[in-house]
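Letters A, B, C and D mark the chains in the order given here, with residues in each chain numbered from 1 onward.
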Amino acid sequence: MVLPRVQVRELRRTYGFEEVAIVPGDVTTNPELSTTDLQIGPFRFSIPIVASAMDAVASPSFAGLMGKAGGLSVMNLEGIWTRYEDTTPVFDQITSAPKEKVTEVFQRLYTEPIKESLVARRVREIKATGAVAAVSMTPAVTKKLAPIAVEAGADILVVQSTVTTARHISNSFRGLNLSELKAQIRIPVLVGNSVTTSAALELMEQGIDGLLIGVGPGAACTTRDVTGVGVPQVTATMDSAAARDEFYARTGKRVVIITDGGIRTGGDLCKAIAAGADGVMIGTPFAQTKEAPGRGFNWGMASPHPALPRGTRINVGVNTSLEQLLFGPSHRTDGTHNLVGALKVSMSMVGATTIEEFHQKAELVVAPTIATEGKIFQRSGQI
Amino acid sequence: MVLPRVQVRELRRTYGFEEVAIVPGDVTTNPELSTTDLQIGPFRFSIPIVASAMDAVASPSFAGLMGKAGGLSVMNLEGIWTRYEDTTPVFDQITSAPKEKVTEVFQRLYTEPIKESLVARRVREIKATGAVAAVSMTPAVTKKLAPIAVEAGADILVVQSTVTTARHISNSFRGLNLSELKAQIRIPVLVGNSVTTSAALELMEQGIDGLLIGVGPGAACTTRDVTGVGVPQVTATMDSAAARDEFYARTGKRVVIITDGGIRTGGDLCKAIAAGADGVMIGTPFAQTKEAPGRGFNWGMASPHPALPRGTRINVGVNTSLEQLLFGPSHRTDGTHNLVGALKVSMSMVGATTIEEFHQKAELVVAPTIATEGKIFQRSGQI
Amino acid sequence: MVLPRVQVRELRRTYGFEEVAIVPGDVTTNPELSTTDLQIGPFRFSIPIVASAMDAVASPSFAGLMGKAGGLSVMNLEGIWTRYEDTTPVFDQITSAPKEKVTEVFQRLYTEPIKESLVARRVREIKATGAVAAVSMTPAVTKKLAPIAVEAGADILVVQSTVTTARHISNSFRGLNLSELKAQIRIPVLVGNSVTTSAALELMEQGIDGLLIGVGPGAACTTRDVTGVGVPQVTATMDSAAARDEFYARTGKRVVIITDGGIRTGGDLCKAIAAGADGVMIGTPFAQTKEAPGRGFNWGMASPHPALPRGTRINVGVNTSLEQLLFGPSHRTDGTHNLVGALKVSMSMVGATTIEEFHQKAELVVAPTIATEGKIFQRSGQI
Amino acid sequence: MVLPRVQVRELRRTYGFEEVAIVPGDVTTNPELSTTDLQIGPFRFSIPIVASAMDAVASPSFAGLMGKAGGLSVMNLEGIWTRYEDTTPVFDQITSAPKEKVTEVFQRLYTEPIKESLVARRVREIKATGAVAAVSMTPAVTKKLAPIAVEAGADILVVQSTVTTARHISNSFRGLNLSELKAQIRIPVLVGNSVTTSAALELMEQGIDGLLIGVGPGAACTTRDVTGVGVPQVTATMDSAAARDEFYARTGKRVVIITDGGIRTGGDLCKAIAAGADGVMIGTPFAQTKEAPGRGFNWGMASPHPALPRGTRINVGVNTSLEQLLFGPSHRTDGTHNLVGALKVSMSMVGATTIEEFHQKAELVVAPTIATEGKIFQRSGQI
């Protein structure tokens, strides 16, 4: 029997942080020469690190501290801070709930309605610290909450859902028109999350100022487990950065690429930037600082679907200060502290003094992690 | 010494669920817009999930519940339900046997002869629930049992063995002629299992209505351990779906592709469908529902060879209801509950509102699972 | 500065058992139709399985039992059996020595000289069982011991060292000329171990009758850990089988390829044969039978270098009988029992009724093992 | 919408020790025929193994023992030995400090100033043993300390930092001009670490005599965790050896390539040499000998940045003597002892009698380590 010849599509290989490494350059510099500025619209930050819009991380006072440190913290306008005037008893309930009751506690606490007065108040509280006030919301509530936040003085708006595209087919409320939004409010708008070159280009065409990169980045992340959807962060960042470069070459407008998700160490951060990111968004490491409101716990934002699980409460522990996390000194060899120092050393090893130079000079190679028995011994020796 | 040049064949790379991920699309939709219909012959199911023909899963009453849920359950006509009129004491013996006695108990219980009267009775019991009655048997007994089942009202016939091909060379009973069977009985016939494009095409030429895909799907599966035979499910599904599409283009007949084996989470299910399956067949997750007859245990069907091991009894536990497994709400972040909700969200992320659209729009990439120490922390953050 | 362009050689990817799987065929047969004959010179064996020349496995009586089972057992003529007339107290010492004393015990026991009288006697003991008498020795002693063994009735000679080549540059005793040996003794000569096409071809040119394939097959094997040398077994077998086929096409002489090392399950065995082996040599699984002299222990043969470690004593346990290991019935789902049954089922799944047909019809694909949490559940379901 | 086509760079695959293996050759030799000489400038060493410039390893007396063994030990001139006249109480403090105090103890002890008189004295102590005196320093102190060491009789100078390049852009002290240094001091200069062909070529152009290869070699190494920078050792060695060969072909000068980092077993050492290294630098295995000053502990050298972590103290244990480590006899099958014997056997298996021949004849293949359950059993059988 002669069978017809059938063609099967080939699958592209993608890469995450654990699988790549940065090749040292032919020229080196001193880390002290490195600058790590991140420019978002008219705002310039001396460190390219943004704190995630998570309730356990980004309180108004944390935003102030991040601002003093040279970075940015994004407040979630759909979380505890805009549902409750006094958040202390709310954090008490979350952090003291026994493990088996946490889901129930979350479900109860997060059904309290969002108050418009608190939206404005939280923005003003951030402004009062002297920091740039960045606020985050999902597309569904943007038309309603964004004007209130802007009116109260918000400097940067982040519109964020699990997957964001320029075109959304909807029979309900999610069809947010980004071009209209940009025309209406005059502050920089960051949008996310996306992972592909084509989605990034379409979003850039809407006039946005920055993109958050990251959907189901890790094999162990909930989006990937539940829906199978996800792209590892190195590939997602490279693809999105390619869109930024093409868009810039064509239009002269530079849209900021911020890698969001899966970054745990200085090494991860350096790889994200080397892959083309202008900055990174980080959650859990900030939740582990003593300045974070979460008291050693962290939990997800919201669910893309009412019947899918909300984020679990994770006991991440408090193991550092914001200062030490960002600038050291570090007593640990696993790269979890002194993120900015690590980035500067990494840049110096490839001879880059700015992040743009780092993009150009850093070569990434595939260098997989292989679990080995005698692993611990390999940690000795040179740093 | 000049040696002759010798050519060695190259090996093709294949992929399983753990190694791939679905790329989000350039357009998104609302999950509420997604339909997930599965059409088998004249029967239309609103969810593309079929319960495996396992004794611990597919009782007549379970078939009724699956039917009410919009899916299908397949009854094994060579198991406990057709060997015993009263199955309660049989399940008692299996579930209460100490671990070291289980094999012996299985060997004794499964040598009780199959009763033709019970074959008819079980079919009628399923029909009485209002559900579509699907029954399963091995090729060896099909000539004998299929007419009895059809006579009793069976709606769909599943002929299933470890590896099924259109051509079988035999000196004994297994040489079932599928074209003749199709001519004789007038109900849809699903056949399995197969994994290659060529085997699928040959089976389709026999006039069958659907194919079960999956032979030794996982590295830890018994078929693979024992015989070395197996193809990971993503590749098997893609190859078989390519056969379906070619056959449809050539003949206008659409044969259903159902991925059977290795699906544990919503993510796996979504990847199977994204790879081209029209539906999936699932066993263990159903065995973990309180509605399943197995009381938290599951065991394999039958052995392809008398001297090879029968399936072991696995303590899978009871951790959910059928309703929660299929439709949520889920309190777990590992993707094991709310399978239909997960599929709809996954479809919405690639902008697909039907399963056929999902086939066309979903891009799969290779994104391997790498075990990392700090894994648990990565579970926090956005879903 | 303009740097010269430097070319770095690329590395070839090789494969072991854990990384490949056999694709089912388009035609299937009944396992009962499969024959699994192995022909070595004038001797025909009904099962293609050879017991390793290890002291803990291949006693004269074990050789008899293997012969009755249809296979072959190779006696090591440089081990305990030719150093001691009464081996019982020797096995007593080895198996009862505390762990920390084993090396010392081995070093003492294996310095006892080999007795020529015992060489002849062991051969005659094997002959007395009615089995084909196969004996093994290293190249260094072959000129001396081979004639004695042949004189005593040996049927097959195995000349084995870690790496064997046709050309050996030496200032001492190892320069064995295989052509001369073949001219001198008139029985089939198997030589090993080798792994490459070119080494196999050169050895075949010397007139040998069979090749043992395997050097440092596994990542955890001593040769690989100590010297870095090794080739995974699937690639080694495919490359050597290609040499066999080329040599046969050119000369009409069929040299037997026997994969030796790393085979633990039916799946491994089936993959070795599918990759082109005519037979396999197995040690540890035989050491786990109650008929083996090692009483649940196994240890390596000899060391390629006096200052390198001798094999360790491994407690492999006694978990089966020779009959059950080869022919079942098996109560385990991990493929460690009923090796011949597994091979016949595997052959039937690709529609092969002879091993040569299996070579032609079996397609191997790369299907890596990925450790997954829920692994145990995947064992349920169909075999 | 028609999107512009965007090109994303592809990533090169690199390899570490765990992923490669050496293919046996078509000709074998006797290990006794192998020579393993390493030539550095006018000095010839009979074994190609260099002890790392770590305080826990390379004391003056250890240098003497390495010299007698035929190798080389490099003294760190910026560590304990040049900060303290009497090092015994310093080692006491380090080795007896409780785990949580170690960082503090290190920070205190390593701030004691380096004494120029001790620099000269340690060199003279090494010379007094009769060994070749090799000393190591970072670029920052080379102009100051190198002349003192040379004056005191140092034979070989090693200038070492995490990443070394010929061109370094600096506003502080690190801009060491290697050509000037070479002109000033008349002893061989080894420089490191580097990993790429281009960096190696640029350094060779400066007139250096040898290169240390290795930056962030392992996935678990601190440089990689902290900065993301690193290249697995097999690729780094192959790339650097290619530079050596090109430079030699063009200039007639042979620069020595020494692989530094990640070598734990004989297998690793053999793979490094097979990949093109002329020698290897090893730390932890020497720290495990009873002759090493570290008493079963090891710790890193220095930090590339004041705010990044110093090396941790690792309890590596004392499990061998220097003699046994280098020349056996070994009672272990994991390749951690008898490194020279292992190299000679490895060379004999590919038919090489010199290291240059080994470079030419050894083929490396990709043969990844895959963790398997029954791993321990695979250790039995042939070595």
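Here are some notes:
The criterion applied here is as follows: contacts are C-beta pairs under 8 Å (C-beta built on N, C-alpha and C of every residue); 3 or more make two chains touch, one makes a residue touch a chain.
Keep in mind that this is a model prediction, so the values were computed, not measured.
Fewest steps needed to get from subunit A to subunit C, stepping only to touching chains, is 2.
Any chain that touches subunit B and also touches subunit C would be listed here, but there is none. Fitting subunit A to subunit D on C-alpha positions gives a rotation angle of 90 degrees, to the nearest 5. Look at the contact of subunit C with subunit D and you find different residues on each copy: under half of the numbers used there are shared.
In terms of the distance between Cα centroids, subunit C is separated most widely from A. Subunit B has its Cα centroid 39 Å from the Cα centroid of subunit A. A separation of 55 Å divides the Cα centre of subunit B from that of subunit D. Within subunit B, residues 18, 198, 202, 368-369, 371 each touch two or more of the remaining chains. Two chains count as a pair here when they touch; such pairs are A-B, A-D, B-C, C-D. Remark: subunit A residues 1, 3-4, 6-9, 11-14, 16, 18-19, 52, 54, 103, 162-172, 174, 193-196, 198-199, 202, 214-216, 218-232, 235, 261-262, 264, 283-284, 287, 298-301, 303-312, 314, 316, 368-369, 371 touch subunit B in the complex.
Of all the residues in subunit C, the ones that touch subunit B in their complex are 15, 18, 20-33, 197-198, 201-202, 205, 238-239, 242-243, 245-246, 250, 265-271, 274, 327-335, 337-338, 341-346, 349-351, 353, 363-372, 374-383.
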